[in-house]
Each structure stands twice: as structure tokens, then as C-alpha cells.
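Should a chain be cited, it is by its letter among A, B and C, assigned in written order, with residues numbered from 1 in that chain.
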Amino acid sequence: MTEPELATPFRERAERALGDRFLQEALTIATTKFITLRREAFAELPEGEALRDQARAIKEATLQRLDYWLERLVDNVERRGGHVHYATSADEARAIVLDIARRTGARMAVKSKSMATEEIHLNEALEAAGVTPVETDLGEYIIQLAHERPSHIIAPAIHKTKGQVAELFARELGRETEPDPEVLTRIARVELREKFLQADLGISGANFAVAETGTVVLVTNEGNGRMVTSLPRVHVAVMGVEKVIPSMTDLAVFLAILAKSATGQKLSVYTSLVNGPRRGGELEGPEEFHLVLLDNGRVRQIAGPLRESLNCLRCGACLNVCPVYRQIGGHAYGYTYPGPIGILLTAMLNGPASVKDLAHASSLCGACMDACPVRIDIPRMLIELRKEVSEGRIAPWSERMVFGAFAWLLRRPGLYRLGARLGRLAQAPLARGGRIRRVPLFFGEWTRTRDLPAIAPRTFQERWADLEREARR
Amino acid sequence: MSVTAAFMVTCLGDMFYPEVGERIVRLLRRLGVTVGFPPGQTCCGLPLFNSGYHAEAAAVARRTVEIFAGAESPVVVPSGSCAWMVKHEYAGLMATPAERTAAERLAGRTYELSQFLVRVLGRRRFRSAVAGTLTYHDSCHLLRGLHESESPRALLREAAGATFVELPGSDECCGFGGSFSVRLPEVSTAILDKKLASVEASGADCVVACDAGCLMQMRGGLSRRASRVQALHLAEVLEVENHLPEGSGEPFQGSPST
Amino acid sequence: MTSRTEFFRRIRAEVERGRGAAPGTTAPRPAQPRERLDVLRRELSERWRENLDCFGREFERVAGVLHRVGDAREVPGVVARIAAERGMRKVVAWPGETLGLDIVTPLIAQGLEAAAMPGAEVGPAERERLRALAAAADLGVTAADVAIAETGTLVVVSGAGRPRSTSLLPACHVAVFDREALVESLLQMGLVLEAWHEGAEPSWRGAAINFITGPSRTADIELTLTRGVHGPREVHAVFVEQGIRAHRA
């Protein structure tokens, strides 16, 4: 998201999204489909709940000894001839990759889908350094051509119509074509095949990295992960430190639930295990393999309030079920990661002030936690963030006044009851048939679209005496 | 049966839906329960908690625990969200071990209405005060916080004189979310519209919920669009019919999950 | 630039601070994976028929096509038929020692342009040529080291005589396997992976292990499913009942 976009208040961005007819339809269709597919996949998996518990336990155990597991990973990657680099910040991560690109002499880099590289804004840096980054995941390719950001963690171009894609290909590739997904896919296949075969540098993320063996694991459906890690001379994987898992046995547990949570597939089409650079006798495979370990705010959370969000597998299940995401889509959030987990990750990367509005972009319904394969308690952490925003005085003082006054009143039952009587007086001109259709100020936000009940002529407390008498009769 | 119960009216229940509270008290009495109403109740503190004002929420919580400390009787709550607040968050807000213990004791004997009827009293057969077709909206805190989806359905399915249909997307949020409804009113309304479209498409005459917040949201939308569909609290639907077989329905095995 | 020492110092400090925040356990690992795997394979050999049926069902669910032959000599015929049905002429294949059978000679005899990949290391110029050959090919034939019944997945290990491109660049991929490749579940596959990585690794093994669950696909445009995005558009698996003789992963 560009700076000018973030200058628009979140509520306005959300409203704009609500008014976008195609986006609304696309979101409904896509999220409903993902929800259904996920539900069906887990219905067929009797051990599904046990696997989710196990997956969560593995993640927690790994965090408990993150230093140990990362060191084992590093040792094993180096044993296999790979190089490991350490990036505390996004700046450093970009600098490391640029340096590798420079030493490779690459003019162009093919990229398989990586949210970590989005997070550090790698593409802009590569362009500036004269290295053309080419996104190869079809959805990412589309939004790259459109100069946009992804709107969903696993389906980045969910917000685009096939007509828009056809127009895009015509404009950017000089290929006039009908708006048929098959045809458009074929064009992308041909265009990108060229790039795969020419590129000197392949850049990927990592879904997992197995510490005991030094293996980086990529999960894709299109085959671009295989291309990027086999054809170019140099392969760089950028990976958040929390992606490490101890063993292959652990990996099997995650593979059993990851794709099912994301798209309802039993497995994604390609799960690629990369054990370092090309070995002797292999026709393909990179000569050099680099692993960039990325901190960028993660390490601070190991003992922090957002610790649990380090367990995230980036499956997108929480986006699909979130009533807010389903209405506004990913761009309205304004940051790299949208949806429920996105709010937490944004706070992790950019600090609590960055989510002073986003932390409230939730009805706290809990559907996200229900859907999360590793049972991350997102609502709890959203409330924690709201606490940081309110107690950290990031929330506006007017709001803090109102809540403070409300809390004060709630501890004084006499004044509370008086408040009810005063409210009845105040509402008298507005209430018709027990309903209020318009209220000024704060609650006007409600009455613009909904009726408000009137305060009852007698509250329950005022009726209790009668109810007691009834009982004695 | 000589059961005593304390009624927690909730702030929304007290101010806006006192008739629901009245019906609950009368219903419980007809089932042989002696109902107490500890005085001085205001609010459980959930709105403060959800907006991150935890020190304030803790003060309100402390007060509530004291108010209900007296007897060891079960506490009956008409809203799933308030019941959840007491059962799940009170102990964590307390500062001292003594306060925590008191909060945990209260949590252990607090029940949302449908849970109390079905799982504690073992009563499932009632008459419906509303003829026609009923459907049910799962409020988020009751469904996901208290893991309760069966008790309300059992009651509605067996309510004599009405038919029950499942609501597609019953487990989807209505868009209330407390202050969310006025912080992001456009989004809240869009979510509500989706819910109400589902309600109207279900063919039901009435959508039932066990939460005052959900009811305020859904009723607010239904009345604004002059819908013929009503949104009612469970207590507005259930009536005791004394000629129904005594002890119809066994209490569920085990206690309600917390 | 952060050094390894500094990077780990920070992590260690935070891990210390966060100690006890949440308990957890890693999955229990088999003590002697290779031995356990041998035991498992013996058990699986009793159930290979059901497992093959299960594999077939799942493979077809992900749009794979399963063929069954009795004898390795029938495999070239199946490949030739697949090619003919699609008007395909150019085939690349793993060499005999890794495929477990000589497929190139019979295919050429049937009028196809077939070429075998080399079994050992070759120079950069030759690698370029072979890559172009694979990219131009219509059909690629490999072995599959494992077939996971639960998910309809073929697992293909790279290495000398086992190029990755053969199963990746041509539009049609054909994998040949026998009953020894069959495992039932992903969890069993975890054991296989543990066993493969236990101790010293064989010199022929390459750096890539690829799980292939059907043809390449995407639904990125309006959620409409299309196949053959970057990888093959079709995947076929040929089961040889009598077995194939090839060095195994």
C-alpha cells in the first residue's frame, strides 16, 4: 500500500470497498468457496482435530527453543553447501538479497510467491538496483503487472475480473485476447516459461525449514516453486525465523493440515523439499543456495504479547471466515498482511500505533480462531492490542473520556439508575413505538441504518418489586 | 424441585429488554426455581473489556463478583456474551489470589439461560408462544466462547406449536460486536444485511437469539426495513406447559463446558 | 549486517524471557527410522492391492490418470499410446538405470523422437542443450520413488540420472512405479523422509525431493480452475505389477 493510500482513514477505505460491486461479489464467491472446501476437507479427516492440536504443540515447542532449532538448521544448511544470512530488519534483508543479486550479475530474478518478500518490499529495491523482479505465481504476476498489492494471502488477485486481467495483458504484454481464464493462463505460461529459462536468480520464500536436515520446503500449486528452485543458477530463500520446525516427522503433521486449511486440497500440487544447491550428477539445481533468516519484529514477540501469531502458517483460513474481511477485502487493511492475522502481523512489524484503527476492525466473533489450523487465539490478541491502544493513550482522548465516564457510572448503581431515568426523558421526543429512528452524535452512527430500542418505560430493576410481590401471592 | 437461582439481568436486558427478564423470572418460577435478584447490578464489564479498558473492566468485575457472592446458587444470564465474560475473563482480571478464587467460584456456577434450562434443570419440552416457523442465530460468544449450540436448538426444536428450521450461516456473526457496531457502522451494517437476507430467505417467521446484543442488531435492521420477520429472545418464545410429561428430557451428561 | 553471533544472542535472550510461556511437544521421532521403515514396508507389502486402489481413487480425484500393466515391457506401449492420443512426438525420459527399464529404444522404434537423460555429470554446455530438449519435449517419463495412497501423491527424488526437468517442463508427465513405492499416508511419508535423511546420504541422490499431487493448476483468475500453469498439464502414473528393477531412494 502506498503512503497516500494509508493517509485515507481506514473507515473510508472500508466504505470504498463496500461500494465496489465487483469486489463484493468476488469476495463472497471466493471466501464462500474456500470455507466450503475447507469444511469438506476436514469432514473427511477424522484425525483432523488431533492433528491441529499436535501442530500447535509443535509450534509452541519450537518457539520454546527457537535458538536451538535455528542453529541446527543453519548448521545443516551449511553442511549441504548452502549459505545463511541474518537480517534483523527489512533494510538488512533487502541489502543482503541485493548484494547476492549484484554478485550473481543478475539482470532479472524470477520469484515464487513469498509474503516475506512482500513484507520487506523487496521488489521495489530490486527494481531500483536494476534487477527486474518477475513474479511467477499467476495471481502475483497479475498484480505485479497492475502495480498493486495482493489482496489475499493465498489468492492475491481475487479482486480482479477476467476482463480486467485480459485488459492488463493487452496493455502490459501487447497480447490482445479474450477474457477466458484458460487462454490467459496459457499466455502467462508462455511468457513466464521464457523468464524461468533465462533468469540467473530465483527468489522464494519458505513454508517450512526442517532443522534436523537443513531442508527448505515450498508449497505451491502451479509449479513455479519448482522452477525457481531448479533452473536459475542462484536460489535465495527469504524466511521468517518462526518457520523452522524440528524434524521431518513434524513436517508430515503440518503437510497433513496446511493445504486443507487453505484451499481444501489434501495436498497442494507441489511440495518441494530443497536440500541445498545442486549435487554432483544433477542436471538442474542452483550452483548456489542462500537462506536469508528474517527477524523484522518477530524475535521481540517470542516473549511478547503477540507471541502466538508466530505460529501462523500463512494459510489464509482466517481471512476466508472473517465477517469483516469478507466485506472489505484485503486492500482496505492497507498493509502487507490483511485479515485477522494481518492485524496482528502489522502490529508486530510496525508497532501498536499502526493498528489503532485496525485493532477495532473486528467484531471479535472468533471464527478466525475456529478456522486456524494451529488454533491461534486471534481475538484475545486483538483485545490486547486494543488495550495497548487505550492504555497507551494512542486512542483519542475523547474516546477515553467516554469509556472512563461509563466505567465510573457502572460502579455507582444509584447514579446508573438515575441515568436510565434521564435517558428516558431525553429520548421522549425521539422514541416512537418503543423505537428510535434517529439519534444525534455518537449513536447516530447506529441509527443511520438501524432502529435503536428505546429505554423501557420501566427497567427490569424498577419492575422487580412487582415481580417479588407476584411470587409471594 | 427446590432450586434457587440468582438472576443477572445485564445492562442491555435491564434498560431495553426488561420484559425478557420478567419472562425468564416467571418461567423459572413455574419450573419450581426460587429466583433471587441481587440488588445494585449494572453491567458485567464486557464493553470495557472488549475496547481494551481493562483496569476499568476489572473494577466493574470485582463489583459484580461481590454482588453475586452471597448465596452459592447458580447464576442465570440471558446473554451468552455476558455469561462468557463472567466465566472466561473475570478470573484473569483479578489482582489478588482471593479475588481470583471468588471469581472462579462465580464462573463455575454461572449459566446462560438455555444451558441452565437444558443442562442443569433437564427441561427441554416447552410450548412456543409464537406460532409458525422459528429459526436460530448462534451468537458468537455462546457458540465459540461457551461451546453451546445444542441447548437452544433442543429447546426450539421441541417447542410445541411451532416448527424449526436451521438458518443457513447460523454460525456467522450478525455484525454487532459491541462498539464495533458504531466504530465501523458501514461494515457492521453490511454484515447485518447478509445475516438478515439469510433470515428472510429461510422462510422463518421469527429468528431467535440468546444474546441482547445480537437482538438489538437484528431487530434494529428488521424494523428499519419493516420486515415481517421478528427477532426474539429465547425467553420470549418459551412457555411452560404443565401438562407435558414431568421430567421430559434428561439433563445432558456432564456439566456445560466452560 | 548482523552477524550470526549477534542474531542468535538476541534470540536466546528472548527465548529465555519467554520461557514457560506455552508448553508444547514436538512429534515423537522414530529412533531408528531405516529399521522402522523396513518393518513398515514388509507390512505394506501385504496390503499393496488395497493401497493401490486407494491411490488410484485419490490420484484420479486430482485429475491424474492411472494405468496398470503386468510387466515392465508393457510400459513403452502405454507411453506410446498416450503420446499418439495427443499427437505428441517428442519424449524425454530418465535413463534405464534410474527408470528401471529401457524406454527410449522401443519408443524410437514406434516412431517417436525419444531421448534419454544422462546418468552422470555432464558439462554446462550439454546441460543447456538437455534443458532445451526437455523444454521442447511434449512428454517426460520418470520413475516415482513413493506413491502416497491417502493423497494420490507421487514423490520423485532428483539426482544423477534423475533430472527434475523431466517431470516439470513437458506438458505431459508419466511416472512409472511398482508396489514397493506404495505407502498409505502422509504420516508414513514422514517416516520415509526420516529414513532417507538418516546417516550418510547416497551419492546418487540429488538436492530436491518433489511431491507431485496431480497436474499443475491455479484458480487465481476468478477462482476458475485451469491446469498446466507452469508445470505439466497432465500427469499419468503407470503401475507395473511385476515390479521394476531400479536403484531406489
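As a convention for this text, a residue touches a chain if its C-beta (ideal position, glycine included) is under 8 Å from a C-beta of that chain, and two chains touch if they have at least 3 such contacts.
It should be emphasised that the depicted structure is a prediction, and the values quoted were computed from it without experimental measurement.
A.B. asks: What pair of chains is linked by the largest number of C-beta pairs in contact?
C.D. replies: Per-pair contact counts point to A-C as the maximum.
A.B. asks: Of all chains present, which has the mean Cα position farthest from that of chain B?
C.D. replies: Centre of mass proxy via C-alpha means gives C as farthest from chain B.
A.B. asks: Of the chains shown, whose Cα mean is nearest the mean of all protein Cα atoms?
C.D. replies: A
A.B. asks: Using mean CA coordinates as chain centres, what's the chain B-chain C distance in Å?
C.D. replies: For chain B versus chain C, the centre distance works out to 55 Å.
A.B. asks: Could you work out how far the Cα centre of chain A sits from that of chain C, in whole Å?
C.D. replies: 31
A.B. asks: Mind pulling up the chain C residues that touch chain A in the complex?
C.D. replies: 1-4, 6-8, 10-12, 14-19, 21-30, 58, 62, 117-122, 127, 130-131, 135, 150-153, 158-165, 168, 186-187, 189-191, 193-194, 197, 203-224, 226, 228-232
A.B. asks: Which residues of chain B touch chain A in their complex?
C.D. replies: On the chain B side, the touching residues are 9, 11, 13-19, 21-22, 25-26, 29, 35, 37, 39-43, 45, 47-57, 59-60, 63, 140-141, 144-145, 171-173, 175-192, 194, 216-217, 219-221, 223-224.
A.B. asks: Applying the document's contact rule, which stretches of chain A touch chain B when the two form their complex?
C.D. replies: 11, 14-15, 18, 323-324, 327-328, 359-367, 369-370, 383-391, 395, 403-404, 406-407, 409-411, 413, 416, 420, 423, 435, 437, 442-443, 445-446, 448-456, 458-464, 467, 470-471
A.B. asks: Which of the residues in chain A end up touching chain C in this complex?
C.D. replies: 26, 29-30, 33, 54, 56-67, 70-71, 74, 80, 84-88, 92, 95-96, 136-139, 142, 155-158, 160-162, 165, 181-182, 184-186, 188-189, 192-193, 196-197, 212-213, 215, 221-224, 226-227, 229-231, 241, 246-253, 255-256, 263, 265-285, 293, 295, 299-300, 302-304, 307-308
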